[in-house]
Structures are given as structure tokens and as C-alpha cells.
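The following pair of complexes shares a single chain, chain A, combined with chain B in the former and chain C in the latter.
Presenting the complex of A and B:
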């Protein structure tokens, strides 16, 4: 395999990072108080949302401003299953993911027909249109009677003979990290499958990929739908954790957050979007105390990152660190 | 017989269409009030301004191949330049106009310095980020900019010759003032696009590497294009401030840039007058539809998506392509007007 093209998949043990993260994730409750756990869970959820943008952009080469649509659709599917069909947590979870993917099938079809600038414009328009329809005050049969909706009960997760209540922060935390980890594992499986490689080829040279027999539009569409499912899961998990949804989640500003976080962290890796989102949320938490327009700081930072390390902060740091570790481990510059 | 390139035969239709449009625009202040209410003269003036603004996005997208979502920044700087000069420094209309344009051009030079090193994904993001930063500053700094409420100012007269006072408060004079500046800007664009520099824009759009190999500096060419486009947007912003006698942070929001891109795409990317056609068509549609249905935005969105998917060349581009296809039929005496040889 071409090692220069894929530095993150180069030689060296690939299991160390995930193992460290898993241990850290599992033992975090020992060191943290409840509200911190919830904050970590929130970071993971928004990170998963940023990952869905990373899948579309970093792995599929499509700059999408529509990811918030599928986050919102996840919330919406959750509410539908909960309030209309009175399904339990698992049913609502499945319904949220299904709603996002079903919504992505037609919208993604429209968007992936076109290329480059036009793709960006179409996704912006799709998300503006959807927000316009949902928040207009008409068509209430689509969006339900409320702009915001709170869960009137504490969700519980039935697991075999047991039932765990979200009222306990530890349950909420472990449930969230388990599902986020599952989604990341699935995403890893997808991007390293032949399908993921085909998309990488399309990103490198679309014409050549078409000539070797790849169905370019179809593959892009499938990636879009898969990423929408990931965003939908993030939306569903958020509804479970915050017990609250808002039509605002459909708006492009939320897509913008995913774009900023994923690019800050590094959109073409699986961990980058999480790192970027963690950075964004932690900084936002602190900066918001000092001045209201703290987004400006991220704007400037994004300009710097794009200009100097377009691969993103996490990817740049991880690459350096990994190269350094491998060099030390093998006792010399072997790369 | 030597093959004649299709451009050699002069096509009279664009010329005729342009002449009709020019005559209409020149006589509009007399013609329109006979058929429609007076305010349509002002609406046309406003459309001209928005058309000029859209053409600034077109210069980048259509000719240099860069999608900018940040044109509103230069529009806003043009407008605020005028507002500050008139309201704060008590300058006249023309100095204020030039200050507005200069401010927009200067900020375009700064933004361009960062932006044009990158191409499409990152370029689009960086232009949005730049305009959002200044938008947030303008919204937050209410004491100076007036924030979203904006700052309004009283318009001084443009010039005075004895008893005759030229003032933009006179709707007809204002119309001709705007028409003259917009026409001058389009004429300059036309000259520019025919010049070697304009050819270089297109070369960079088509293949920056090859353009570099034949001796162009793609970075510099993109930067020039970016600054010129900022200048055009600044002219539009300064005109709009003079027209509406007010400047607002609202016009620096990215949706304003988005509208310029949408007008360009609907009208015809990479055609000189496409942006103005798009602006006119969509503004009229908005005005007319919004009286019937408040969700006209949905119709506009659907139209744009359909255009992008099925007619990515836009209105003017599609008409031109269709006419070329009709005139040039491969392998036949098509130039003599043989419609029958077409499949």
C-alpha cells in the first residue's frame, strides 16, 4: 500500500489509540463528577455529528452543508416513535436513524447528481428549504405543533431482564459512549472496506474511477445516506440525553458547527472530528464567559488552520506523534 | 472550402437584444410611469445594483472558477464606507462613494491574500468565515455600526451649478446616476474579459497547473480577480447605501452572498449579463410570488436546484448553447441554415 498517501494507516500498531481511548472512556466516571460526565457525553454526540460531515467530506469529497438536516431528522424520528407510536428507547433509536436515512435517500439523490460548487449550493438550498418548511407555521402536520419539544419522562433502556434509567448520569454516559463507539467502529469498517476505498479513488480522480467501472454517483449517494444515518444517530442520542428537541437543529448553522469542528480537527480521519468538536465545545464553554461573539475566535483559528495545516490540527499532531513514537520504538529513523 | 469557426459569423441576436435592453433602460423613467406605478423606476434601479453585485460573484465563479460566499462583506464595506463618510465626516456624495469603494477593495485585498491560496472547498469556507467574522463584529459593535438596525444618514446634494441642484433625492436623476455607474462597471468588465488578463482568468479556471506552466502566476491572477470582484461588490454596496440612505450589518450576512451566487447560477455563470438577468428574474418572481404565497423561498429553491441539475449553464448560457447547437451542425453545410440536417 502507498504509505505516503495514507500516513495514518501506515505501519505501526493501530490498536493502541482505540485501546487507550476505550480505557479512558470506561474509567472516566471514576475521576469525574456527574455534570462533567454529561458534558463528555455531549461532546461525543456532537463529535459523532461532526464525524458524519467528515465521512461525507473527508472520505467522500463532498462539501455538504446539509448534515444538520439528518441530525434534525434523527430527533424527529425519535419524537415520532415516542409520541405517536409509544415505542421504547430502542424502537425510538431505530426510528431516528431510519428517519435520517430515509430523508437522505431523496435529498442525497438530488445533491449527489451535481458536482463541486453546485453540490455545495444544492446542500445549502436543501437545508434552507427544509428549515423554511418546518418553521414556517404552516404544514404543522409535518413538524408537529411545537418548535421545541421536551420528553415528559425519563427515558430508560431495557436490556434483557434489566432496565437502566437515564436518570442516573452513569447510565446515560455509558449508553452514549457505547453507541458512539459502535457507530465509529461501523464507520471505520465502512471507510476501510472496498466501498470506502472506491470513494477515495473517486475523490482522487473521478474520471478514472468511472473508467475502471465504478458507479460514481451511486457510490457518492450511498456514502451520503450512510453519513446521514450517523448524523441521525447523533440526533437520537442527543434527544435521549438532553430530553429535548428543537426545530433549530435542522438549520444550516448546526451544519456549520460540524464543518468547523471537523475541519479544525481533521475531516479525513475518524478521530479528527471528535477532537475538533471537543476543542470547540470546551473553548466555547470558557470563551462564552468573556465575550459574546466568541465565534470570531474560531473563525480566525479556522482561517489559520486551513491556511497552514489543511489536514486539521488532530491529524497533523497525530501524524507527528505517531512518526515520533515509531521512530523511538524502533530505535532510529526507520520511516 | 476552408472551415469557418462559428464565432466568425457575427450573430445579430445578442446585439439586438442588448440594444433593446439599453434603449429600454434609457427611456424607462418616461416609459414606465405610463404603464405601472412610479416606484417601478426605483425597483429597476435596485435591480441594477443587485445585478452588479451578482456580477461580482460571477467574475469569480464564472471566469476564475472560485465560488465565493463572502461577497456580502465587500458589499457591506462599500455601504458602510459611504455611510461613515457622509454621516461621520460630512463628506459629499462622490468622495463618500469613492471611500466606500476603496474600503471594499482594501478589505478584498486582505481577504484575497488569505483566500486565493486555496481553491474550491477551502476557498468557499474561507470566504464564508471571513464575512462571518466581520458580520459578527458589525452586529456586536452597535454603537458604531448600528448593528442589525443599521445607520441611516441624510443625503447631501451631489453637485450644484448655479440654481440647478443635482441630488439623488430626485428619483429620475438617481436612476440615471445608478444606471451610468452600473453600465460603466459592465463595460469595464467587458473590456477586462476581452483583455489578456481576462483570458488568463479563464486559463486559470480551466487548468491552473497548465496556466502556471505557460508562464502565468495562478495565485496572482486569482488575487487580481478577487480584488476586482471585491471592487465591483463595493461599488454595488456604495450605490445601495446611496440609494437606500442607510447601511446595515444585515447586508453583510452570508445569505446576501448566497443570493448573488444563486442569481449568477440562474442567469448564467460565465456570461457577462447572466447575473443581471438572474437578479431581475428572481427579484420579480420574489416580489410577485410573495404577494400570493409567503413561502416563495421554496419555489426559488426548487427552481435553483432544477437549474443546477438540468441546466447548469443558466438562462443565458443555455440559450447560447442551444443557438450554437442549432447553427453548427457537424459535417454538413449547416451555416447556410439547413435545419433538416440536424438529428
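Presenting the complex of A and C:
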């Protein structure tokens, strides 16, 4: 029997990958020095940002250049809660995610009413509009002094009777990976729920999905809002870790970072955007030593990946590896 | 208000240039069926090439003659090399054009530099009095050139065999191919033509702005607005929307600041999208 004819996703154990990652994540502080841990935490945060694009594009079929808006909104929500209401770390975290999702409700409603090219244009225009409002210096009641303000103190994380300081790299690391893992678990739950399947059906054939009674616009809107929450969490975690925000985070070209990483890794899987972002950041770190305009390399890589492995590097490699392992496992013909 | 006529005139000049660029975006969308995110960067490359050619030869009109030809050839090559392999997937085409945009921007930053540069007025800064103001003649000339180019483009579409083929492919791709229209060549020329229009816009606009690698990022949203309000793929609608919007923005600028005017026109566009996603000049 031909091994490739079987659906690969359902054959073989699915818990091995997450288990290996969990062990690697928990034991990393044994093998790494402080700045490396922070780098890993940064990769996870930006990976979460890329995942937010993966959720709308890979799982929802919406090519969005607005994810940076919600990353920025997360930073904004964090700052608002910290400086205006003095809510502490947990409150600021919740506020960041809430700000992103609340902002996505009206903007996502406008965007998801239209399709394809219109959708792309709307996401760009919404980003340009928001950046224009924020940089204009008018309407200070909208943004106030909270958009770009860096944390002047080291945040503390109260946990029951204990209080941990974010100044300790180990604390920052574990806090970040715990929340990123939580978000990924939630995202996995969402994409494998009936809601996630309905969205995949819409991506496959919108007309048929509408005919069997799916509320296409509403489902796309809800996915957009959920992904915005993921981007908002990434923004919040970034503000917490780097203690820095920038108006640049709102610009649509900044979403390009998520687009590039997610597509390089593979936007239609949960791990792909993380793999793509890890590749992006490690490469950028090395390339930046030689020339400043290293982004050009990613432009070229993007074209190559789209041409030869449109599913993304990680997804393609993982699929091959998986097929090969299963073949060996079952004693079939090897490659 | 005394300033109003001048601001409206400025709006008209810019509107004609944006119309020229947006037409390129619109014709590419109409035939190749994807939104070219790198379109603004082609405009930027046009302006940068104009600067370089003027730097070498000292003559604006040489740049004016050469740059659109470079655009035509480069566009055709890019269509064949980059876009052809992904032409069946609209999303991938858009992502490919984003990759192209990164390459163009960073490429220009690496070679031309990041500092904005200026081009001297090619007709020596002559001014004429308009409504009591000294108005630069080059602005009027730029508007005239754009108008001629736009007219030429429509004549090409409606009066030549190739233009008719293009309209045929746009109307019904399969029938056109079945009747023997060489669609591959048409796609190549269309993308080249769109790129040439953007680059011509870049040359014409270069003496009016400062030339830098981020120039395209300001123009692309303007083209998007024109294309949405005019109706995606509706060419006369796109041109009309670009001119109308720019004049309107000029009028608003006489009352409020330019940033506020831009924000108002962006909000206007969002409203149009919500109420009439097919554009205000197209039938549903």
C-alpha cells in the first residue's frame, strides 16, 4: 500500500512535537546565558505576531496588512493601564489584549465585509489612517501621551504570595514562554474547533460554505478579532520585555515583518510562523553585521519560497520528515 | 479665501500625476487580477532614476525620455520572471509584489542612499501670476504632461490592435484566448505598461518633491484610494477619482492642515467602501 496516500495529519502521534518543545523551552535556561534567553523570548514574541498573521491568512484566507495595528494597540493598551490607571502587570496585560480586540471589532467589521483585493486595500488604508491620526499630534484625547512611552521602571509580576521582578532574565523568559504557550494552545483550540473548520471551509469555497448556512462575514470577522487579540498579546509582551514602544509599530509596512516570517515558515500551520520568525531574526542578527539593508535578502527569499515551496519552508520540511518517519515506523520503502 | 484657487490648482496638478500612476495600478489589476503592492515603489524608482540621469547628463528631458522605456522593459521582465509562476494565485501574487517592494526600497537605500535629494526645476523656475500668486510654470507643465500621457494611454487602449486585445482579455479572458489573442504577451506588456506609467509619474513628480527611497509609501495609499473610489479595474473612474480627490483635498487644505485633510479623505474612502464597495463610478 502506498504510504503517501494516507492523510498524514491523522496518522502518527501528534503530541510528540509539543512535548519536545515544552521540554526544550523549560530546560533552555540550563544551557543558555541571559542575553540568549532574552533573544529566545523575543523570537517567541515576534513569532506570536507572525502567528496572528498566520491565523488570518493561513486559516482564514484573509491577506491582511493590518496586524501591526493590533500589535501597536496592545502596546497602547498596556501603557494606558500602566500610566493612567496604575493597574500593575496583570491588569496591563489584560488591558493590552482588550485594547487590540476592541479596536479590531469596528476595523475588522469594515475589512471583513469586503474580499480579496478590497480587503488588502482596506487593511492598508486603515493602518495609514491610524498612523496619520497618531502622528498628526491632533486629537490628543485619542492617543494621549500613552502611545509612545517607555516603561521607566522594572515591571514586577505578582503571583499569589510571591512577587517576581522582570529585571531577572529567568523570570522574563519563563513569563514570556508561559504566555506564548498559552496563546498557542488557545489558537490550536480555536483552529481545530468547529469554528476553525468552518473557516477552512470558507477558505476552500466561500459560495458552498454560504450555501450550507455558514455566516461567512461573521466568521471571518470573529477570526480577525481573535487574531488581533493574539497580536495585541505580542505587543503587550514586547512592551513588558523591551520596556519600549514606537509609533512605527502601527505602520502597515511593519505588518510586512509578520507577513514575511509567516510565509517563509508556512502560514497555514501554528508552528510555521514561529519557525519563520526564528529564521528571520537569527538571519537578521547575522546579516546586520555586514550591511544595513539586509531586508533585501528577505525580499529575495520571499520570492524564492513563493515560487518553489508556497506552503512555506518549515511546513514543507516538516511534512517530508513526518512522511519519512512514518514510512520507517511502518517498515515501508524509504526515500 | 484668497489661497483657495491656488490650493485647488495644486490639487489638480497632483491629481493628474496620481491619476497617471493609479491608472497603471488599475490596468495591472484589470488584466493580471492582483493588487501590485510594489506600484508605489516603481514610482519611487522612476523619481530616483530621474535624479541619477540628471546627475550624470544634467538634462531633465533625457530622463523624461529614457525612464519610461526602462520601466516598460523592467516591468515586462519582472512579469515574466517573478509574477508568471504565481499568476494563478492572487494572494501569492500580492505577497510576491510585497517582496518586490522590499527589494526595490532596500536596493535604492543601499545604492542611492537614505538622504532625500532634490531636483532643480527643469525650466529654470519660471513663474507666472495666477490669481495674484507667482505660480511655478513647471507645475502646469507637469499637469499638461500627465494629461497628455493619460490621453495617450486611453488612445492606445481604444485605437490600437494591442489595446483592443488588452480590453478583450480584460472583458473575457477565456473567450479572448480561444479567439487567438496572445494572452501571455499581453500580460507581459500590461505589467510593463503599468510600471512605465508609474515611473513616468515618478519623473514628472521628481522636481516637485524630495526624492527618497520611502517616496512610494506615500503615493501607494493615494492610488489605493483612487482605485477604490473609482471602482477596481474601472479605468476612467480611477482617473476621475484621483483628480476629484486631490482637488477636494486641496480645497479642504485651505481650511485645515494637510494631515487633517488627508485623514478626512481616508475616512471618506472608508465610508465609500462601506456603502458602495464597487466604487462610486461603477454599476453594481
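Everything that follows uses one rule, which is that the second predicted complex is superposed on the first by the 320 of 335 C-alpha atoms of A that agree within 3 Å, B and C clash if a C-alpha of one lies under 4 Å from a C-alpha of the other, contacts with A are read in each partner's own complex, and residues count from 1 in each chain.
Everything below uses one rule, namely that a residue touches a chain if its C-beta (ideal position, glycine included) is under 8 Å from a C-beta of that chain, and two chains touch if they have at least 3 such contacts.
Since the structure is predicted, the reported quantities are computational estimates derived from the model, not experimental observations.
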Fit or clash between chain C and chain B when superposed on chain A: clash
Which superposed partner A:263 touches (first chain B, second chain C, both, neither): both
Contacts of A:132 with chain B and chain C, given as first, second, both or neither: both
Partner chain in contact with A:253 - chain B first, chain C second, else both or neither: second
Partner chain in contact with A:321 - chain B first, chain C second, else both or neither: neither
Chain A positions touched by chain B in one structure and by chain C in the second: 57, 63, 110, 113-114, 116-118, 120-122, 124-126, 128-129, 132-133, 136, 138, 259, 263, 292-293, 295-296, 299-300, 302-303, 306-307, 310
Of chain A, residues touching chain C in the complex: 57, 61, 63, 110, 113-114, 116-118, 120-122, 124-126, 128-129, 132-133, 135-136, 138, 253, 256, 259-260, 263, 291-296, 298-300, 302-303, 306-307, 310
Residues of chain B touching chain A in the complex: 61, 67, 114, 117-118, 120-122, 124-126, 129-130, 132-133, 136-137, 139-140, 258, 261-262, 265, 294-295, 297-298, 301-302, 304-305, 308-309, 312
Chain A partner contacts - residues on chain C that touch it in the complex: 29, 34-35, 37, 82, 85-86, 89-92, 94-96, 98-103, 105-107, 109-110, 217, 220-221, 224-225, 227-228, 232, 257, 259-260, 262-263, 266-267, 269-270, 273-274, 277
Parts of chain A lying in touch with chain B, wherever the complex brings them together: 57, 63, 110, 113-114, 116-118, 120-122, 124-126, 128-129, 132-133, 136, 138, 259, 263, 292-293, 295-296, 299-300, 302-303, 306-307, 310
